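Look for subunit A in each of the two complexes below; its partner is subunit B in the first and subunit C in the second.
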Partner chain A sequence: MSKTVLWWLERLLLLVVSTIVLFPIAWMFLTAFKTPIDAYSVSLVFTPTLQNFVTVFSDPWNLGSMVMNSVIVAGVTVLISVPCASLAAYAFSRFKMRGRKFLFFLVLSTQFIPAIVIVLPFFLMFRQLGLLDTRIALIIVNLAIVTPFVIWMIKGFIDAIPRDSEEAAMIDGASRLRVIKDIVMPMAAPGILTSSIFCFILTWNEFLFSLILTRRDAVTLPIGLVNFRTERGDLWELMSAAGVMITVPIFIMALLIQKHFTRGMTAGAVK
Partner chain B sequence: MRDRTLQYVLLIPAFLIVLATTLYPLGFSLATAFLDWDLRKSPRPGEFVGLDNFGHAVTESGFQNSLWVTTIFVVISVVLTVVLAMALALLLRRTGGLHTFTRIILILPFAMSPALIGVSYRFMFNPEFGVLAKGAAAIFPALEGTPWLANPDLAMGILIATDVWHWTPYMTFMCLGGLASVPRETEEAARMDGASTLRIIWEIVLPQMKGVIAVAAVLKTIFALKMFDQVVTLTGGGPGSSTETLAFFIHKVGFKWFDMGYASALAWILTIIMMAISIWYVRLIITDKKMATA
Partner chain C sequence: MAEVRLVDVQKYYGPFLAIPDQNLTVHDGEFLVLLGPSGCGKTTTMRMIAGLEEITKGDLLIGDERVNDKPPKDRDIAMVFQNYGLYPHMTVEQNMAYPLKLRGMDKAAQKARVQEIADKVELGALLKRRPSELSGGQRQRVALARAIVRTPSIFLMDEPLSNLDAKLRVTMRAELKHLHHELGITTVYVTHDQMEAMTLASRIAVMNEGRIVQLDTPQKIYSEPADLFVAGFIGSPSMNLIEGAVTNGVFEAPGVNLSVSVGDRDGVVLGIRPEDIELADGNGAISGPIYAMELTGDATLITIRHGTTIVCARGPATYNSQINATCHLKAREGAKLHIFDKTSGQRIEQ
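The block that comes next holds the complex of A and B.
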């Protein structure tokens, strides 16, 4: 094959890939702005409307309260897990303590435990404690999934920071805690921010826990989608509008940390 | 504080979280797996039944079916994802405007909620007004009116498609990371000798990527074994029970049949399978230090 043919073939393939990636997303965004009648046709020509967004935020759907739940659950999960994970990540990165290998292996492997085996006992416990359908319950369970993952990720970022400045400061008489606070954490800040956003996305998209532990008050956005399946059938235009609400904040975050995002992903998985 | 104390103090908060949210519930569900605990009969745990719940799993058809469904799902989705990701990584290795654009948008599927992916594919494959169902019928008229999600094989195919769409980007980034550490010299030399691009990829690049591909495949297997979200929002396990994955079936036993003992036993069977694979995975990345891409 000649060089030009290959050159064009490569572009064509990339175009096909981009289309496959973007099409389902684009179709959902289009549908979100369609009237119910237009939503049931595959036409690309329609008069856009914002009515679906008005509808999903009013009775009986009340997407607003689900947005609140999602923001609070994901936010608090990040606020608890990231500081704890950062300290642990530092310890794993810098100290060769006894049992380090075992502890680290423990953390690493809890990442792979299926969520269903954790949520069954939590359902029984929360039922006993009257905590079903509360945000606290969701936060506790989400910590289980997110914390090992964040320790893993932040450790990768701290490993990449050279120890020289830390050692210099210690020779000058600074305490270890001071070194962590004034030298390591500022240098690790971009990595910690990336990990926080990662953790937020994981919690935000979490489905199984919310499906089992919430009914009405603490329902989060991904579960809200299922509500649009009614006796009248699936209300696709409203589902799409809700889908846009779930997706937009996450897409903005993912694109903001795009460079770190891919790095963080592979760091977490491979390192 | 001395470092010797501090190193453990730093670990305490995170360790407490892991202990309370993972290890304790794991123990709790293991204990439940040996009990007769049917929530419809009583809110309190029943008597100790030894290995009965596990024994039940050996003969029960619902579990057998979900094992089979999960196996098919895992094998096909892992192979497709890894092969596509490797191919895409080779394609994206070079620089160019379209390359950069594709790299950027590849983040989107991975950031998207899996439940929502299921919903959107369900919409696109609706036989009456789904855009992909209509599109397929426009190109191949014989497909007009195909009940995509009502056919067991097609439903499984679409379920796999949602998963491949979701995961290929992540695995592509992993492969790209691996490719970045492959030295270019041998390739250049082979090119000078007039070897074709395909031969260079097949005989020089891919053999060096073996480690990365193995890690990607094992990691993808672990995630595929947990498949749950799209099953709920795309197929609901149907038609019949043709897409009931293990996680979905356990959920059904626990929260439709309310048989906590049996559900816990099944959840532990899944956990043991996943732990075995995870240990293999951890050993893979420990032995192959070249893997460190970040």
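The block that comes next holds the complex of A and C.
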């Protein structure tokens, strides 16, 4: 087969795959700007409206409080998880301790448990503690989900930092904590930023635990989408508007970290 | 400035004994080189002095103080690493000022000191650059500058020139020598390059399998190697080591008959440096077919092979012959012949 034919086949394949992946997203964006009547039409010609975005933020949908819940839950999870995971990752990367490999495996093994298996124990525990339908419960659960993963990611970045720089700093007069603050963290900063955004995305999109552990007050955006399945049928135009609200921040973050993200994943994978 | 003493120091890695009972004194203001092949324990010894490796047993003293349990930051040492160990997120100026900042020096004084040292090592124009924007030689200078900026009592250098190209290495070697002369700081320098060791050291500690096999001045180590290991390690090309026996005051091996002043004995090894052998006019004390000829510019290295005996001699650059042609050699007038016991490897005094 000639090179030109291969080149065209490659492009065609990319086009087909991209279309399959992007079509639902594009359709969601279009539907978000359609009236309820247009929403059921397959025509690409319609009069765009912003009314759906106004509707989802007013009664009875009140998407605003869900946005607030999602931002607080994801934000606080990142703020707690990333510093803790960074220190844990440093310890796993640098300290020779008995059972280090086993401990690290143990941390990662929490990721092997299907969420559906542990959601009921979490439900019972939070009911007992009176934390059902609170942001605190969601933050605790999300910390348990993302922290092991963030430890693994950041460890990959710290492993790649040459020890010479750390040892040089110790000889220059820095304590271990000072070395972490002045040398390790700035050098691992791209990795930590990537991990933070990844942690935010995971928490932002978390569905199952939010569905089971919240009812009214602490409902997050992905759960809010379910509300648009009503007795009147599925309100696709409102669901799409809410979908846009959920995906746009993630798109922006993904664009920001695109370059670091691949590197972060590679570093985490090989180390 | 200070004296460093290792007293019966041992280092275990798990069950593996890396350093068995090390005793070493580095005198105040001395430039001591730890020389040996890879894995001989020289870097481990240096890292124990630095406090980067724990000492399993024994005492490490800096001055009169036992410092085994002191963290690196409290030992008043500075170290230059093989891979420079620079802080890539800081500029050259920040790299150099970091040890001063940690010691609470005020900013103006920091700036002045950094500028003074930067000018000394010709980094003055590069202060605002980051390490990634520098060449290998410039990075090495930054590492050096960062080490001298706070005038430590001991300098540790772990193969600092090994990442530089040959030409730059020679230049930096001279600069290190000059710097030591100027500052007079006690220096421990690790290398596997015997040329670096010979040119820089006040004394050399030759190490093998965790032990110091000879500790002496470069001249003495070159002229009186303590054993076969040192004899083979020091010198380029290395010393010829020929197995044979001494009968009636003559060392005999295939193709070799040389007068020596030791009693008759079997199982000896004769050591003679290539530069102590010259071409003989007639039948020489050393002879055999030519195995290889290598022109080095100012000389020709002639290697002859007679049975199991291989001898390398340093002949004139103009020497011309054929492979397999018989070559006659002799010991140069005043040549130093070394005799070692084959079994123990130890030098036999003549």
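As a working rule, the second predicted complex is superposed on the first by the 264 of 271 C-alpha atoms of A that agree within 3 Å, B and C clash if a C-alpha of one lies under 4 Å from a C-alpha of the other, contacts with A are read in each partner's own complex, and residues count from 1 in each chain.
Heads up, the rule we're going with is that a residue touches a chain if its C-beta (ideal position, glycine included) is under 8 Å from a C-beta of that chain, and two chains touch if they have at least 3 such contacts.
Every value quoted in this text rests on a predicted model; they were computed, and no experiment measured them.
J.: Based on the superposition on subunit A, does the combination of subunit B and subunit C result in a clash or a fit?
T.: fit
J.: Figure out whether A:A168 sits in contact with subunit B (first) or subunit C (second), or with both, or with neither.
T.: second
J.: Where does A:W8 make contact in the superposed view: on subunit B (first), on subunit C (second), on both, or on neither?
T.: neither
J.: Please name the chain, subunit B or subunit C, that touches the greater number of residues in subunit A.
T.: Comparing subunit B with subunit C, the partner touching more subunit A residues is B.
J.: Please indicate which partner A:I183 is in contact with in the superposed arrangement: first for subunit B, second for subunit C, both, or neither.
T.: second
J.: With both complexes placed on chain A, how many Å separate the closest C-alpha atoms of subunit B and subunit C?
T.: 8 Å.
J.: Quick check on my understanding: which residues of subunit A belong to both its subunit B contact set and its subunit C contact set?
T.: The overlap between the subunit B and subunit C interfaces on subunit A comprises residues 175.
J.: What part of subunit C is in contact with subunit A in the complex they form?
T.: 50-52, 71-73, 77-79, 81-89, 98-99, 102-103, 143, 146
J.: Report the residues of subunit A in contact with subunit C in the complex, numbered from low to high.
T.: 162, 164-165, 167-175, 178, 182-183, 186-187, 189
J.: Would you pull the subunit A residues touching subunit B in the complex into a rising list?
T.: 6, 10-11, 13-15, 17-18, 20-22, 24-25, 27-28, 31, 39-42, 80-81, 83-85, 87-88, 90-92, 95, 97, 103, 105-110, 112-118, 120-125, 127, 140-141, 143-144, 147-148, 151, 156, 160, 175-177, 201, 204-205, 207-208, 211-212, 221-223, 225-226, 234, 236, 239-240, 243, 246-247, 250-251, 253-255, 258, 261-267, 269-271
J.: Once bound in the complex, which stretches of subunit B touch subunit A?
T.: These residues of subunit B touch subunit A: 1, 3-4, 6-8, 10-11, 13-15, 17-18, 20-26, 28-29, 32, 43, 88, 91-92, 94, 98-99, 101-117, 119-124, 126, 128-131, 134-135, 165, 169-170, 173-174, 176-177, 197, 212, 215, 219, 222, 225-226, 228-229, 232-233, 247, 250-251, 254-255, 260, 263-264, 267-268, 270-271, 274-275, 277-279, 281-282, 285, 291-294.
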